Amino acid sequence: MDIMLFGPELFYLGMALVFFCLTLRRQVQVRLDYQIALALSAVGVLVTGLCLFQQGDLFFKAYRVDLFSQIFKFALALGLFLVLTISHNLAAIEERYQAEFYFFLTTTTIGMMMLVSSVELLTIYVALELSSYSLYILVPLRRGDGIDVEAGIKYLFIGAVSSGFMLFGLSYIFGATGSTYLVDILPKMNQLVNSPIGIIGLLLALAGFFFKLSVFPFHFWAPDVYQGGANQVVTFIATASKAAAVALLLRLAVLGHASGYNFTIALVILSVVSMTLGNLVAIVQKDFKRMLAYSSIAHAGVFLMGVLTITEAGYIGVIYYALAYLVMNFTVFMVLSEVAADGRDLQISELAGLYRRSPLLSMSLILGIFALAGVPPSIGFTGKLLIFTSAMNAGYFWLVVIGAVNGTICLYYYLKVLYAAYFIDDPGLPVITLSLPMRLLNYALAAIIIGFGFCPDRIVELAKAAAKAVL
Amino acid sequence: MNAVSAWLTPQTAATAAFVMVIGLTILGALIAVGARNIFHNVLGLCVSLFGVSGIFLFLNSPFVALMEILIYVGAICIAICFAIMLSEPLYLPPPPRNKAKVLGAAIGSAGIFVFLGLLLKKTQWTAAPERSTDWSVTTIGHYLLTDYALIFELVSLLLLVAMIGAIVIARGGRGNP
Amino acid sequence: MLLSPFVGLLVLLCLKNEQKFLIRAVSVVASGISLALSIFTFVAYDKGLGGLQFVEKYEWVQTFGITYFVGVEGLNAPMLLLTGIVIFTGCLTMWELEDRTKEYFIWMMALVTGVFGVFMSYDMFFFFLFYEIAVVPMYILILVWGSTRKEYAAMKLTLYLMAGSGLIIPGILLLYASSGLNTFNMLLLHGANFSPWVQKVAFILLFFGFGVLAAVWPLHTWSPVGHVAAPTAVSMLHAGVLMKLGSFAILRVGMYLLPEGFQYWANLMMILATAGIVYGVFVGLAQTDLKYVIGYSSVSHMGIVCLGLATGTIDGLNGAVFQMFAHGIMTALFFSSVGYIYDRTHTRDIHELGGFSKIMPVASAFFITAALCGAGVPGMASFWAELLVFVAAVQVFPVAGLLAIAALVLGALFALRVVQSTFFNEPNPKFVHFEDVSPFLGIPRMILIGTLLFFGFFPQIMVSMIKSSVVPFLQGM
Amino acid sequence: MVFSDPILLGCLLTVFLPLSAFALIMIFTRDNPKLSLAISLVAATIPLIIAWTFFFKLGGRAPIIYNFDWMVSDLVKVPFGFLLDPTSLVMFVIVATISWLVQVYSIGYMAGDPGFGRYYADLSLFALAMLTLVISSGLLQLYIAWELVGLASYLLIGFWYEKFSASEAGKKAFVVTRFGDIGFFMGLVFLVIFYGSLDIATVNSAAVANSMPPWLITTSGLLIFCGVMGKSAQFPLHVWLPDAMEGPTPVSALLHSATMVAAGVFLMTRIFPFFAASATTMTVILAISTLTLILSSTIALAATDIKQVWAYSTVSQLGFMAMGLAAAALASGTLFAGYYHLTTHAAFKALLFLCSGVFIHHFGTNDFFTMATQGGRKLVIPMACITIAALALAGIFPFAGFFSKELILTALAHLDNKLWLVLGLFGAFLTAYYSFRVIFVMLFPKSPEAYSKVPGHIAHVEDEAHGHGAHGHADDAHGHGHDEHHGVPWVMIFPLLVLASFTLILGFCQDYLEKLLLGASHPHAMNYFLLVAAVGCALSGIALAWLDWGRKDAKCVGFISRFPALQTFFIQKWYMDHFWRWFLNRFIYGIFSKWFTYNDRRVVDGGVDAVAFSTVGSGRLLSFIQTAFLQYNLLFMVVVLAGVGIYLMMGR
Amino acid sequence: MLLFNQLQTYLYLALVLFAIGLYGVLARRSLIAILISVELILNAASINFMAFNRFLAPHPAVGQVITLFIMAVAAAEAAIALSIIVAVYRKMKSINVEHATELRG
């Protein structure tokens, strides 16, 4: 077994071990923990980057390492690193639990990494639970007066019910195909064209990922958890965890390819409702994170739109957009957590005067928001357009129309954020000073958002290769 | 006698036992969700789990049946009992039922039942063409360490996480009254 | 040309907030360079040769058939010139801006980059990308530097235009998908055989999508509100250039790629255009806010453009493109004059103003010139454009054409009513002490007037330019 | 190439000198009266010289045509060119001469006005436009110049823009003439589309009739006549001209009597063959112009403002010219009668206005009763000139008007229906009456009390204020001319004399002009009955005026006061202004504008806003799905799942 | 065919268990009761796996392994859920799910 194949996972296991040890200490050393975490996650990004072009099978073919999985692993590693960069001020988490915070972040990352490489249903299930449970724990870790545990409990139970459905679906797939390996299932699924068991099982099995991606009707946790969780935790949920869910949707949707119309019509319904519901409800939100939660619901619809095409173009679009979403959503969350330095929930109106308090952050905010809204020249625009293109190519004319109309609706609430940041000013609010690394991070994010939005070719080629690996 | 013995074939006995087991399972489940006393719920769950393990016996898996009782009844139910004692005082009278909610829940679960029932009704199951007959525990162990080794590791990690998490979360309040 | 505002933008990003003079200078220089380049392309374009010139083409995303493909031809050369002039004068006009100067010019430059991009792109992807770039900065420009219900206006304008984009995206993608060529290159798509259904559906999507920006009736209501709220140079750019993006896009994407769809919907276009012409004039008659008046005159004039497009004849297209140009310059002039007055008096109510010819003769001369141009007085560029459009319109749609011509009377009433109550009569004593336009600030307005008159006296320069592309364009249809 | 051809050079100079003068003055020397004047005068003198030179050199020769491409689109090809034929040359001379004279006159009249520079710039603009109009070779170029003339008129009428009435009058003039111009424009568009050319020479050829069906010729002819109606102030678009008297008097002389308003009639002569091709058109024109003649003459006899009198007189005389042309066309005559009247009218009407201008300038009032009581007749030269002009207007031998009117009446007499002739004679009678009403009042003033009963005349004291209000600028700038009585400056007298001499001479140039215009002079069979009738009408008009106003014990109320209803009707100008005002307020503003605006706010924009609000509202509504209760959320999820699932199962 | 030898019996049984569990999740107020119901749901899935394992699957060990893993996961889930429930009780002095209503909209 080539160690490089399992490199990232091993590295993060080691990292989890380090933090496990750190949790055992008596005295609290917040800075040290943070520095270790940051350093390790940076190395982790490197390691994952080095393993980007690995290929092979592990663990009796239950685990496949290919470009697809490695890209997403890289995204996860990057997501972890980015979340840790904004964890320099973990005001929302009690100091004595900060080591645990890093530990759980690491384990959830491991879970997701395993998830994106798994090609066996049970592995997928357990990896999903691993990543979810860590997050269930992270949400109520927040210092707070009850909304944290409330969010945690809602997250947990909705997750539990979803995974119950998923497990039920998995059992049907297992029953119908007699295997838990995707490679074995795929040809069998093709024989099940005339029987509903295949697609129902698959749809139920996808419930777990719908839950993770907050697709309607599995979205109910999102607003509450976004609002109730610590900013950094929510950032991770909103970025890395979405990428992992998208990856698995891509992997599993292939199974539905043969069952054709009924499968996609279900996804079309979910996609349309997710987009529309998310966007409409986001309009009336006042809490920034809650609004972003609804925006993530809407984005889930966009992802689904690409997934349901089950074409190469669609997969390219979705992979591209998943990476883009990670970066742009992170950008917005970064601004959020920098503005709410004391770890509180941020009302949209509290962004007032940001252009004066920190021009750099306000620039990042604009870029992030525009990217989320799909305004060029940003990765968000390019990604969305790629997805729309593929959907149109696959013949979903009305879906694209609805998606485009939703693109307008979403602009309304995104612009409200800009309105607050750019137009309202409260002279009493102090200037926000950013450390040099944070400033660099801002510039880097801006460069990525604009740069890859304008020149998406490389990423698209990469995504193409990755999409070939799953299809 | 002959009639009785004709009637009391092993199959009949097995069927009777099977019906009992099913009854146990469903009854237990009903108690688990229906009783208003939380301890009755736990007991119901235990009953139901015993039933399930009986079903596992019928499904040729004594090992799994045993594990079911060990893990569920032995671990989970006990943990639940602890949690009950750690949380709500039992002497509080239960609040009245919310009719709408019950009705909604009934409709929801009935909906799912209908949906999946329809599915089951319509599905033609086909067995695998070649079926191994190896039911030994050794094989299970073999699988655990070969094909499912990764999951085995994952589950251990999962349990670790759960443990630490439980400690962190449950401990949280005490230092912070 | 695309680069110079972009580079300007980058340079601006690097400057400090405090270096206001430098910021202004950089933006003026950047816009000056783009003006110079646009004049250069206009002059250097070989009309005899025709076709696309100054082409730049790179493969961008091969998987999706996206190419970066820009070029100049007779249709967009006038538009580029227009943009160059308006942005240059716009930058000069806003020289006095003190509040958040740097951001302002950054957004301006972003907008202009987008505008140039749209006019020059021959790839639908980039076309749309630039289109959005051109539209979105508007929100912030209006929100921060605007006036009069700016929040409402900014939101309305942006959402309205983005709703238009919401129609454009499916339209463009439908073309892309149904062509089966896997390319966004418009020249290649032109050769694709779209089915009648695609033609009709895509055309109507594109028409309404872009029509929003072109203020096609009844999708025009954002435009007066937006113009009123926007700061001067933004109004100039917006009414002067951005609205042309819409009509240009209808021409370039809609009519070029979907001739059958165009034929099918031409009557609808004609009806809406005529409605816009008549309607804009009547509503404008009842307005008392100067910018509203101009806003509705824009609706009316853009109706003329649309009518010209709807005719689908050489004259009509020549006229439409010429009208885009002329109206752009004219409206820019309008807004820059009004902006000057508003900056001083802080009112735009025509009843409150009065006698400005006495107070600031130069400023009012600018406005009056624009008003006369708007009324279609000969000697100004727009006269020729309207002439061409009307002849074509009467030829193709006699009733609509005659109605549109009849609306010209009201157009005159409309313009003169404003001129009379704002610039004539006894001056309002409140405003007597204001100074006239300084020579420096007069420069941009002089440039605009000069352009109007130049093309009013020498229309052939423009017409032959446009025609060099219109003829092959129509042959292609 | 340009310099090798003196004729072309001349034409170009004619056009571009005033243009550059306009530009120069507007941009640079607006605040410097002397320099502006110099520039403008130079730009007016050179065309004058060119005009007379051409007139004598090219008079009898074949038309000279220059055409350059101005704008070539597909169907629309607009050349820029010159057409020098007798028709244009005569008008060229008239325009250049009167324009020059007025510029000279204005040196005195406008001296000291703060807008002096602007005034001359506008005059140059007018000169440019009018000269271009006259010598243009194509109808579209003519139309362009026509519009520019309108623009210049607008600027000059509203010259004293601080005054509400002036700016209002300017607006009215522009819009009303624009109303007609639109018709003209439509007519041109028809010609372009159906005939394909707007070249005057070809439009006049017989080819038109061959390539266009008659109804189309009639339609386009009528449409083009709309332009004439607007510009030459024919009923019902005549309403702007009297109001246009708000402008400085020299402007009235130049634009609103002699040249610009005559442009309409000039257009008719210009494409006379085209018009003549359709009898229907010509009949309509005849009817309209006759109505105009009667209408304006009757209004003129009730007016008290001297400029109003001449303004309505102008309207009626323009109607008379149009009658002449229409009648000639119907009776297959020539354009000469109308054109000749245009020429003579230009001279004597300009003279009338300039003389009135002297009085106005001197006394600071427009009311000729006031002028009279203040001693108007003491200004001898102007008084003499105005009398000469009035005689010409009334059509008294040997003044110019006599000959030209005679010709028109002759043309009318050729018509089958003699009603036209009777109406024409009636018009001549009224003309004589109202013009001599002015003259007799001025010559034989009574005491102010005697005039107190004249409707419309305002008593002296208020009059002073009114006068100052009306012409405050001219007066203030002048340091109260009539207090000091320093006499009339020579620059104002000189043009009077020149014009007076023209008025005298022109009558005897009939043959020369006819030969020039038509190539041959037709011996006129003198219709003695007509001669007597015409002169008789004129004389009886004068006599009646004498009875009413001139003699010592005249009642000074006018015969018309016997019919109070009629008098009110005339004073109210046949209620035409009311009609238009009502039309504008009621229909344009009241119905269309208001309703459209309402529609725009409520329906179109309101609809958009409603969509936005309903979007937000639906968001608010949908947000109730997200209750705080975990189990409701779960229930929702389960129900949706079951729903989708059952749907899928059923669908299978 | 004998009742216990039929795949459908087990599948319907699992479905009934699933529905009962779901009902409990939806209807019960106590968080602990909800957890209990979730356990029922997981058990239902286990029965499914075991049944398929018994009647259809090519390798009879696989289903048993899966069931074992489900038990482990359920145990972990119970541990976490219970700890959070305890935390809920600490912070809110109630484990009634209807009292956790801070987050809405």
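Going in written order, the chains are labelled A, B, C, D and E, and every chain counts its residues from 1.
One rule holds for everything that comes next: a contact is a pair of C-beta atoms (placed from the backbone, for glycine too) under 8 Å apart; a residue touches a chain by one contact, two chains touch by 3 or more.
In this text, all values refer to a predicted model and were calculated from it rather than measured experimentally.
K.L.:
By that same contact rule, can you tell me which chains touch chain A and chain B alike?
P.N.:
D, E
K.L.:
Between chain A and chain C, how many steps is the shortest route if every step has to go to a touching chain?
P.N.:
Graph distance in the chain contact network comes out at 1.
K.L.:
Would you indicate which pair of chains has the most C-beta pairs in contact?
P.N.:
After tallying contacts for each pair, the winner is B-E.
K.L.:
Any idea which chain sits dead centre by C-alpha averages?
P.N.:
Taking the mean of all protein C-alpha atoms as reference, the closest chain is C.
K.L.:
If you take the mean of the Cα atoms for each chain, which one ends up farthest from chain E?
P.N.:
The chain farthest from chain E, judged by C-alpha centres, is D.
K.L.:
Which one of the chains is farthest from chain B, going by Cα centres?
P.N.:
Computed centres place D farthest from chain B.
K.L.:
Between chain A and chain E, what is the separation of their C-alpha centroids in Å?
P.N.:
So the centroids are 27 Å from each other.
K.L.:
Taking the mean of the C-alpha atoms as each chain's centre, how many Å separate chain D from chain E?
P.N.:
96
K.L.:
Compute the distance, rounded to whole Å, between the mean C-alpha positions of chain B and chain D.
P.N.:
102
K.L.:
Could you state the distance in Å from the CA-based centre of chain C to that of chain E?
P.N.:
Roughly 64 Å separates the two chain centres.
K.L.:
Multi-chain contacts only, two chains or more: what residues does chain A have there?
P.N.:
Within chain A, residues 122, 126, 129, 133, 136-137, 140, 152-154, 157, 161, 168, 172, 175, 178, 196, 200, 223, 284-285, 412 contact more than one other chain.
K.L.:
Can you tell me which residues of chain E touch two or more of the remaining chains?
P.N.:
Touching at least two other chains: 18, 21-22, 25-27, 51, 56-58, 62, 65, 69, 73, 76-77, 80, 84-85, 87-88, 91, 97, 100-103, 105.
K.L.:
Give the residues of chain B that touch two or more other chains, as numbers and ranges in rising order.
P.N.:
Residues 101, 104-105, 108-109, 112, 116, 119, 122, 125, 127-128, 147-148, 151, 155, 158, 161-162, 165, 168-169, 172 of chain B touch two or more partner chains.
K.L.:
Considering every pair of chains, which are in touch?
P.N.:
A-B, A-C, A-D, A-E, B-D, B-E, C-D, D-E
K.L.:
List the residues on chain D that touch chain A in their complex, please.
P.N.:
612, 615-616, 618-620, 622-623, 625-626, 630, 633-634, 636-638, 640-641, 644-645, 648-649, 651-652
K.L.:
In the complex of these two chains, what residues of chain B are touching chain D?
P.N.:
These residues of chain B touch chain D: 101, 104-105, 107-109, 111-112, 114-116, 118-119, 122.
K.L.:
Contact residues on chain D for chain E in the complex?
P.N.:
623, 626-631, 634-635, 638
K.L.:
Would you mind writing out the residues of chain D in touch with chain B in their complex?
P.N.:
Result: residues 631-632, 634-635, 638-639, 641-643, 645-646, 649, 652 of chain D touch chain B.
K.L.:
Across the complex, what residues on chain A touch chain D?
P.N.:
Chain A reaches chain D through residues 153-154, 157-158, 161, 165, 196, 199-200, 203, 207, 216-218, 220, 223, 262, 265-266, 269-270, 277, 279-285, 409, 412.
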